[in-house]
Each structure stands twice: as C-alpha cells, then as structure tokens.
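Chain IDs A, B, C and D follow the sequence of writing; residue 1 opens each chain.
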Amino acid sequence: MIRAGIIGATGYAGAELVRILSGHPDAEISAVGSVSYEGKPLSGAYPAYYRLCDKICENEKDVIKKSDIVFAALPSGLSQKIAQECFCAGKFFIDMGADFRFKRENDYRRWYHGKFIFPELHEKAAYGLPELFRENIKGSRLVANPGCYATAVSLALAPALESGLISPDGIIADCSSGVTGSGRKITQNTHFPELNESMTAYKAGCHRHTPEMEQTLSTVSGKETHITFVPHLIPVSRGILATCYAKLKPGVTMEQLRNAYEKRYGREFFIRLLPDGCTADIKNVRLSNFCDISLHIDSHTKTLIAVSAIDNMVKGAAGQAMQNMNLMLGLDEKAGLTSLPPAF
Amino acid sequence: MIRAGIIGATGYAGAELVRILSGHPDAEISAVGSVSYEGKPLSGAYPAYYRLCDKICENEKDVIKKSDIVFAALPSGLSQKIAQECFCAGKFFIDMGADFRFKRENDYRRWYHGKFIFPELHEKAAYGLPELFRENIKGSRLVANPGCYATAVSLALAPALESGLISPDGIIADCSSGVTGSGRKITQNTHFPELNESMTAYKAGCHRHTPEMEQTLSTVSGKETHITFVPHLIPVSRGILATCYAKLKPGVTMEQLRNAYEKRYGREFFIRLLPDGCTADIKNVRLSNFCDISLHIDSHTKTLIAVSAIDNMVKGAAGQAMQNMNLMLGLDEKAGLTSLPPAF
Amino acid sequence: MIRAGIIGATGYAGAELVRILSGHPDAEISAVGSVSYEGKPLSGAYPAYYRLCDKICENEKDVIKKSDIVFAALPSGLSQKIAQECFCAGKFFIDMGADFRFKRENDYRRWYHGKFIFPELHEKAAYGLPELFRENIKGSRLVANPGCYATAVSLALAPALESGLISPDGIIADCSSGVTGSGRKITQNTHFPELNESMTAYKAGCHRHTPEMEQTLSTVSGKETHITFVPHLIPVSRGILATCYAKLKPGVTMEQLRNAYEKRYGREFFIRLLPDGCTADIKNVRLSNFCDISLHIDSHTKTLIAVSAIDNMVKGAAGQAMQNMNLMLGLDEKAGLTSLPPAF
Amino acid sequence: MIRAGIIGATGYAGAELVRILSGHPDAEISAVGSVSYEGKPLSGAYPAYYRLCDKICENEKDVIKKSDIVFAALPSGLSQKIAQECFCAGKFFIDMGADFRFKRENDYRRWYHGKFIFPELHEKAAYGLPELFRENIKGSRLVANPGCYATAVSLALAPALESGLISPDGIIADCSSGVTGSGRKITQNTHFPELNESMTAYKAGCHRHTPEMEQTLSTVSGKETHITFVPHLIPVSRGILATCYAKLKPGVTMEQLRNAYEKRYGREFFIRLLPDGCTADIKNVRLSNFCDISLHIDSHTKTLIAVSAIDNMVKGAAGQAMQNMNLMLGLDEKAGLTSLPPAF
C-alpha cells in the first residue's frame, strides 16, 4: 500500500481528501497533519469521521516522515519549503495551493505577493490538470493541483480555443461557487443567516484565479489569451458552475464544436460531454470527480456558451489531487474515484 | 380609496401583489380572481394569509366590475381581451405578463407565438419601467409591466449605453433567479430534493426575455442593440442577480461611469447605486422594490461589469406594478413601497 | 411622534426592531446604539438598510438621552444598569434579554449566573407576554420581553393548562429554531457549510429558557409545573416550531380543547388558532408577529399535541417588544404590526 | 458476482440502491425495473448517473429473471405478488415497502388498508433491522426492510427498553425528516419555494410508522408498548433526526444507560454511540449507513432523551436493504457500506 500523508487535513480540502483516500484500493492514509488540531483526533474537527478516521493530527515533519506521497492543503505561501523537504527526501509531493501553479514568477508575485524560493523546484513542477497536461504529470514528482475555478473554466473552453473555433479575445467566464470554496474559516458573510437566500459577485474582474486560467488557455490556444472572470457565491455547500462566453469564428457550427470537444475529451472518464438539450448542473457531479460540460450557441449573437460543472472539493481539489497521485505513481488513473455521484 | 382588483391572484406574482397592496395607504383590494380557486378563499392557497386576506376568489368579470384598476397576473396570451374589456369600461389596466410589452408584433409572434388582437391597444400601452420611461407611464391607462430579468438587466446597463460609454456590441447578461421565477406550478426540476444544492443554466441564449431587453436597450442606446442572455436557476426562493458585461469605449474611467449612473439614477428612490467596494446582493433587496446596482471594471480587459439585484417578485413583478399604478393614478410613486428590506 | 431608541441595534434582534419600528405610524427611531459600530452607520452592518437607515450608531448614554422609550437588545447581564438609568430619567424601558424575566432571583442566579442589582426594579418589571399578561404590561414602565422559545411554548400550552384539560406532569416541549436564534456572532457550527443540510438538538434538557417556561406555565396552571424542553437547530434563517406534548385528562375531547383555546385566544389578533386539518408552519408567520397554533390529539395514547409557530425575531423578539411598547404607551396594540406575512 | 435486480429503480429509494450497489465488491446490478421509464435509460431519470449507469429500465418480470436477489422499492400493496413470484423461482427477495413488516395482519389492514395475500409468506418474512433481529435475517429468503422513522426510533430506544431502565408508558418520538422521505412524486408542498424556509409537523399522532415502531418496541420490551409519534418535514434533502423521550425508572443513572447501550451496540459497526457532550446530527451520517445515537438526561424531570440520526435513504432504506442482502447471502455484513460520510 502506498502511504499517503496529508498536511492541512482539518481544512475542507484536506478533510475531503481524507474521505476520498479512504476508499483508494492501493493507498492508505499514513498520517494527517494540522497545526490547530495537533495532538487531537481528526474526528474532533469532523464528527462525521468519528470511529472511521480518528487518527491523531501530527506536525508536518512527522507526516512527511511517514509518507511516500505528501499532499499539502495549505494557505498559499506555506508549501514551498515542504515541497523542498519532500524533494530532498525523495517523496512525491502534491500542492493543493497556488505556490507552484505559475510558470512566471511575476504572476505569482503580483497576485499572491510571494516569491519563488526554490526556482528549480518550480521548473520541475507539473500543472496537474490531467485532461490537458497528462503527460507532464506522469513523469513528475511535484504537481501543482489547479485552482477550482481554473479547472472548471479551462476544461470548458480548451477544446474550442485549441481548435480555433472561437476568438481568444473577449472571453467571459461567469462562475458561481458553493460556500466550501471559501474554506472552513468562519467569517461574517459565511454565517448561515447572512449567506442563506443570498447571491452576490465578489472580486469582480480581479480574482486571482484569473492569471491561472489565462496561463492555461494561452498554452492551449498558442497565443496570449485574456479573459474576464467574475466569481459569485451561492448558498449551496459544494459545486462550481462556469458559464463561459466566447465569440464564434464566422460560420462555426455546433457540429464542429462537438467534434472538437469529442476529439479532446471523448476518451476522458472524468469529463462527461452532455448530449444536446442537456445543461451542466452542479447537482449531478456532487461528491464526484466528474466535470460535466454542455455546449450552447446563441445564434443571433454568434456566441459560444460553454457550461461546465464540477464539485469544487473533488475535481476542484481533493479528487483531482488523487487523480494526479494515480498518474504520478503509475496507478490506474481512476482508482478510488469511480463512485456514482448521488442522484439527489 | 382606490379599488384595485387582481386577476390571477393565486399565482406567485398575484399573491405577492396582494401582500404589497394590503399595505397601500390609498388603495384597497376590491377583489381577487382565480380560475383554480374560484369560490374559495385566497388563504386556502396561501395559509400565510389566513384571517388577513380570506377574500373569496372570483371570476375575472366580477373582479373587473368591482375595480378601478385591474392587474392581470396571467400566463401570456390571456391578457389582451381583459385589457380591451377594461379599456371599454374605463378602467386602468396593468398587465404583468408579456402581452403588451412589445412594440413590434413580430417580436411577440416569434417569441410568444401570439398575435396582437387589438393593435390600437398596443399603441396605447406604456412599457412600465418607471426609471427609464416614467413620462409615458404617467399618461397611460394601460401599462405592460416588464419581465423580471428584463428589469434587472435594463436598469444595470441603461446609463452606460445611453451615455455611450460602452459598446453596444458584445454585451453579455448572465443572470440567476430564485425559484419563484418559475411560478407556482409544480414540476420535477423544482421538486425540493432535485433543486436543493443545484445550480444550472437554462434556455442558454434563447430565453424570451432577450427581445424585451433588446427593445429597451435599443431605445436607450438609439441603435439596434443585441445581447447574449443566459439565465440560471439557484436554490433560493427570491431574487435576481444580473451580472452584465460590456466593452468599455477607449479611455472610459470609473468616474465617468459613476457620473452617468448618478445622473440617470441619482434621484431615483428605488435604485441604490452602491458605493465603490460594495457589490449588489439579492439578499439586500428581498421583499422590497429596490434595485441595487454596483459597478466594476476589469481593467486588464477593459470591460464594464455592472451587477444589479432585485427581488424578482417585487421590483421584478408586483412591486413595480404597484409603482406603475401609483404613477398612472397620480399618487406618490413610492406609496406602499417604503418598507425596509429585512436585514436577514 | 414617540422617540424610540435601540441599544444593541447591530445584533439581529436590534436590527429587526429597526425594521419594524420604521413602519410604526406613531413612533420614530430616535437613536441606535452599538458598541462595535459606534460612530459608523447602521447600514454598514446591514447593507439592506443602505440609504434607508444610515443612522450613526451611538453609545448607550446618548441613546437614552434622545429617547422616550429605550429597547435594550443585549447579552444577559448588561441591562440592569440601563434599566435603572431609564427609570431614574423617567423613560420607558423594554429589555429584550433575560435580566428581568424572573420573579425569583434564584432562577436568574442559577441559569444566568447573575444577581438582581436593583431588586425594586424587578418588582416593577412586567413579563411582556401580552396574550397572557396584558394588564400587567399596560401599567408598566419596565417590561421584560420573553424569550423566543418561552413565547412559543407558553402560548401553545397555556389554555390547556389553565383549563385543567391536561396534566401538568410530564409535559414535553420539542422545539426547532432557525439560525438567527443563535445571534449574529459567528461560530464554527453556524458557518454555512457546517449548518447547511444539518439538524441536531442542543442543550437537551438543560436550556435556560426552561425555567422561564416553567414560571409562566406554573402561573397559568396555578401549581408548580415542570417541563422537559429540547431545542434543535435547523437550516433556515427564521422561525420557531414548538411541538408540545401533554397527557390529556380522562375523557377530554378536541371540542373541549378548542373551546378552551378559543376562549383564551378568540379575540387575540396575533394568535391564529388554525382550523382542524391544518398544522402550524414557520413559513406562514415569517416576518410577522403572528403565532399560529394547531391542536392535535393522539387518541391511542391520549396525548395532546399542540404545535405553535412564530418568527423568532418578531413574535419571539422585536415584534413582541413593539407590541409591548404599544401597550405601555396606550397606543393601538397592533400599530405597525399588521403587514401580511409573505406567502413564500 | 451476485446478480441483484431492483424493481422501482426510478424512485428515490431505488435510485439510491443503484448508487450503493454499484460499489459492492461481490454484487452487480443485473437489471433495473421501472414502469414510468420502461425502455429508457435510468440516467434519463437521474442525469447524475449519465454514462455510469445507463441501463435500460425493464419490466418486473425481466428483472426477476435476471437476478439472484430482487429488491422491490414500490408503493405499499404492490410487493406481495412479486415476493411470491421470487419465492417460487427460488430468488432472494427484499421488500423496501411495508407489505411484509407486520406480524399481525390487522395492523397492516388498519394502517395500509391491504390484506395478507399469501399468509405463509408473511410467516417466512424476517423484519430487517439487523442490530435487533440479525439472526432472523440470516436464515431468511424474504426480508421486510424497515421504515425509515421506525429504524431511527427503534434503534434509539431499544436498549433502554430492553434493559428496563425506562418506563414503556408515555414514550414520545419527535422526528424530523428530509424531503426525500416524501418520495420523488411532485406535490405542491414539496415545490421548492413552498418548502424552503419552512418547518411543519404532519400526521401528528397518526403516522403509519407508529404501529411498526410499537411492534418492534413491544418485542424488545416484552410487553405491549405504545408511543406517541410526530414526524416533521424540514428543508434538507436527506436525514432523519429522532428525539425520543421516556420516563426513567427511579434512580437510573447515565452510567447504567450507557452500559445498556454499550452492551447492545458495542460491537455494531453501523451504530455509533456518541461520547458524552456530543449530540447526534443528520449531517454526520449523510450518504452513509450509520446510525448515530446520543444519550441525554433531563435530571429535573427524570427523563431520558435519546437522539438518533440516520440518512433516511441509506440506513432508512437502501443501505439497510444492502446490509440485509449481505446477511441473507452470508457475505460480510459491511460489504459495500464502509465509505466515510462526507465531512460537509
């Protein structure tokens, strides 16, 4: 059994990874790390895990020591030293934060106010979006797990951009996220009575997943691509819905679009391109690693409307991390990720 | 006291109008009409009204007879004959459906599959969006109350278009609505366990509020204007959030934008232009006739992001209808509409 | 106009009182007090009030000075000195906390760990449950507004106890509350993703509204009465549902029960005794001062099941406080409290 | 692989069984049956299953033919003939409805208005509550899967009754259920805007799970036991919380209670007796087969408050059915049921 350790296990992404890893046929949780719960059982933070995962939270050193692969689910800025330590100790490492997502240090500096401490590590890091960059991940010992919004938007648009069916200018990504996306830390605006029956946008046009999306879409389109991204918060626990708008190149038909998406995603287990007449819904991917995508055309304005839905905690975080682990370690990419999403 | 009658009082818009009219200082509910509840008390359909509005539902003839002004909250296609009847009997009439919203019969034919039965009535009808067309409403005896999405989107964009600060091409209106927007009729997808924890788009790029928005925005901009409109359904009871995207003309600043919105809306009681740093939220307008608007610029793509929030049942239906009634009858436009929205 | 001041206006109960008082025909809000928002506008805490109540929060001294009647919506223990100050200054005072609810200092000591600082004030205080103790309230300048659970349970059971139709032994009050009941202070268990889709009991058998209920029910029944009370937290914003169980005396019929309730509540505007076949629902009283009550008999165990529903923030807090104000000042008891509850 | 067929697969319980069975290591879904979807893929009813379970729905005959064990998730009254057919064909049969739950035909007649068509089958049927009647289930080919409320209440009270620590008189079971408990059929009161932000009781004192609870509790206590049962509907999708009240026998302590529960449930995987200070919450058992139980004493009224939480669709339906299948077929009782509940 592969020994997998999780640093930051009491945050939402870490706790979700515990749930998913527990069902992996070839891996076991070797240790869970937490600063706030050190010395206490994980089920103290999450009573749903009572008697099922009562492991005592440890410090990061001990987690690394006990593990073949280490996942870090930490606020940005805290992963680089851990990555270096894992690297030196010959461990595999997956960063669920933003520290290794950027090719250009400038992007990281500007949006995260940090710097590349070990530049050579960043060169080794693969960006862990398997459906677009699988081969890079396979050979890597250090993977940067993508941001949740970046996953949903990049998957929704990549085939259309790659195939040149849409213009790379004027793309809009209008997204909505469930509240787990803001983390477990309590805040006034996530207090139940304030969030219930509400919906608002936030960081309109200036959210820091923007450069991450642009990096991926630029790679895919082969030219510098900019997008306007606005996230919203909705009163559900899980899920991201990305409604993406792009100008169709003259004469482009739905058939051409479907062909491009089928070509890119036809063999992907975790991407479900929905049939005509269906629309992606966060409900249908909850608690699963699937990304549902539906394609629509506004014919009177010649606009592609690509809608994607993921569970922000699974394909947008823990599930994709485990998918990356599977690839890094040469396991079946789907291992531990094949459960049906609940129907309701 | 003005005698106000409501046809279609057991639908959501009609029932909401009952609630709002009950608080009007100068009007009283003379009669409520319903086909499905004829002969039964309105509170049979809505137990919240028990002992407060136990009026017996009547047929439409009787409602008209007992009223000075008649509101029709009916499925599209059913209002034209009622309007004609009211007109002949010298009554004021407000249609909360789509029958009188279009200037061009072709739009109505194409999107609603109906025709103009009494073309001269359509010429008399005013489009009841007071903040943009107040003077037309004041002199009218027949008002077409706007659609909920059309209200939110038109108000969000009008000043920017009118002042020429944005391009009329490539506008996107990405909207989300609470479930009351789909009406009281039960359907599988509005069954609680199916809708709870879900979010999806519907009628992407082909919803029939599109031509209504385009008619208003074309009037305001002075040129044929097209937009891409995608509505979504979210698991809340009330509210519409409209996130609208438009290309800024070169060099346009936030200051210019705010000036244009202030100039248009500065004296409007029901429009609250939010200060910088705030974003419109459906929570803050619930159960009120307010439309909150916040302005944002994505400076790296030179895009205006205008966000508006209304209660789809109030400013998007019953409240705006009452505002129109006030204007038609020469009352204080705000009468009966000044309650504070609940803080939570 | 009566000048009404609110100390603790940024808590939920205080903010709700602002909303309700704003609609009062004979009173105006003279000042709002807050420690955390002193010097800032109330709408900074509640953007729903933007431009409608932008009053600057003041300290308690200033609030008292500017007011004829003072409401204190404060944590328990903080009202006694304010009450004394108001008393000396000849102001009316309504305490929305627990400081003046108990006749016996021992109850207050045991459950709230406080003491009676000015015992003579406690003798003057009336317990503000108008439907049971109206005459005491009318003559009073100091009213203790009841707890939300205590209101729902006392109203549900009083007529049956008073009339001797149920046994005073073995009464169970099983209640559920919306989340505003726990206040505006953020906590882990009221963080949206933790509370959403949850339901649990808390303080089972040891909640401090128990002695308050017992004090009222003992008064009503004329003998020491004990009850078992368990509150639950449910994922809605507002509302308390109280399902109360009591042993019927031998041979008691539904007709006798209805007569007892009709006799007690038949002329009460704010209590709606529902017809047979209906059951009280928190939805139907939201944002209103009504208490809906339905009566049911389990004939095979000879048990009365009395179900009551209130809005915990209105009849359970701010609305009842305003009802008490109306009584204290000799106004129409219903003034400002007659709006219809929303139908949805 | 064991071939398992599901009749009534498009209802909520049937669809949930599809999800759970899909993860079983030793069984596979041989066929799914549905009247309303016959000839169509199951994923047409539940798009969450798209590409994962696109099996075509068949009629019941074909389902039986293709299966070693048949589950019927049907309205009451429709299972007896199917059971007989399975019995004659030598198949195992689990009825998820009420047809085989009663020992006494009179109970079934009175509460379900049906009769025992094949009385000998009823004698063979085991009542499938494994934690109380495991040995009966092991030897059986026909199991009646318990009702959801009956499961939650029986498990909460059995050890206390069995050990004689509480009085069998005057027991109250106050329960709340998520909306999936009312099934997939659309109704006005489960329309999202009507149910959202609501809570009400229904069938107070006369719900037909009452005799089922009484049958089990009478068996356990060894004497005819009656209870008062009131269910409530709350705006969540899944979960039952049962708050049960019973008079403690004189002098009974929490330690004695815990010992009785530990003795009965200490080795049960699916029952988690929570430590002192914790309270059962439906959130912590969602999507799992666990039943969490917490014990509380109201010492001033000498009352046991036993709170249990289950997922009504899993331990209350499909999960328990699969647990029964495992027992009937001699498999590991936990097979396919060991996933962690989601932490949020």
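The working rule: a contact is a pair of C-beta atoms (placed from the backbone, for glycine too) under 8 Å apart; a residue touches a chain by one contact, two chains touch by 3 or more.
In this text the structure is predicted, and so the values were computed from the model without any measurement.
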- Message: I want to compare two interfaces, C-D and B-C. Which one has more contacting C-beta pairs?
- Response: C-D
- Centre-to-centre on C-alpha atoms, which chain is most distant from chain A? C
- Item | chain B and chain D, separation of their C-alpha mean positions in angstrom | 47
- Note on the structure: Between the Cα centroids of chain B and chain C the separation in whole angstrom comes to 36
- Query: If you average the CA atoms of chain C and of chain D, how far apart do the two points sit, in angstrom?
  - Reply: 38
- Task: Enumerate the residues of chain B that touch no fewer than two other chains.
- Result: 12, 178, 180, 193, 197, 235-238, 281, 283, 286, 344
- Task: Under the touch definition given earlier, write down the residues of chain B that touch chain A in their complex.
- Result: 170, 172, 174, 176, 178, 193-194, 197-202, 204-206, 210, 226-228, 230, 232, 234-239, 241, 243, 245, 247, 279-283, 286, 296-301, 303, 305, 307, 309, 344
- Item | chain A to chain C touching residues, read off their complex | 12, 178-180, 184, 186-188, 190-193, 195-197, 235-238
- Item | chain C contact footprint on chain B (complex, rising order) | 12, 15-16, 18-19, 22-23, 46-53, 180, 197, 237-238, 272, 274, 278, 281, 283-287, 292, 339-344
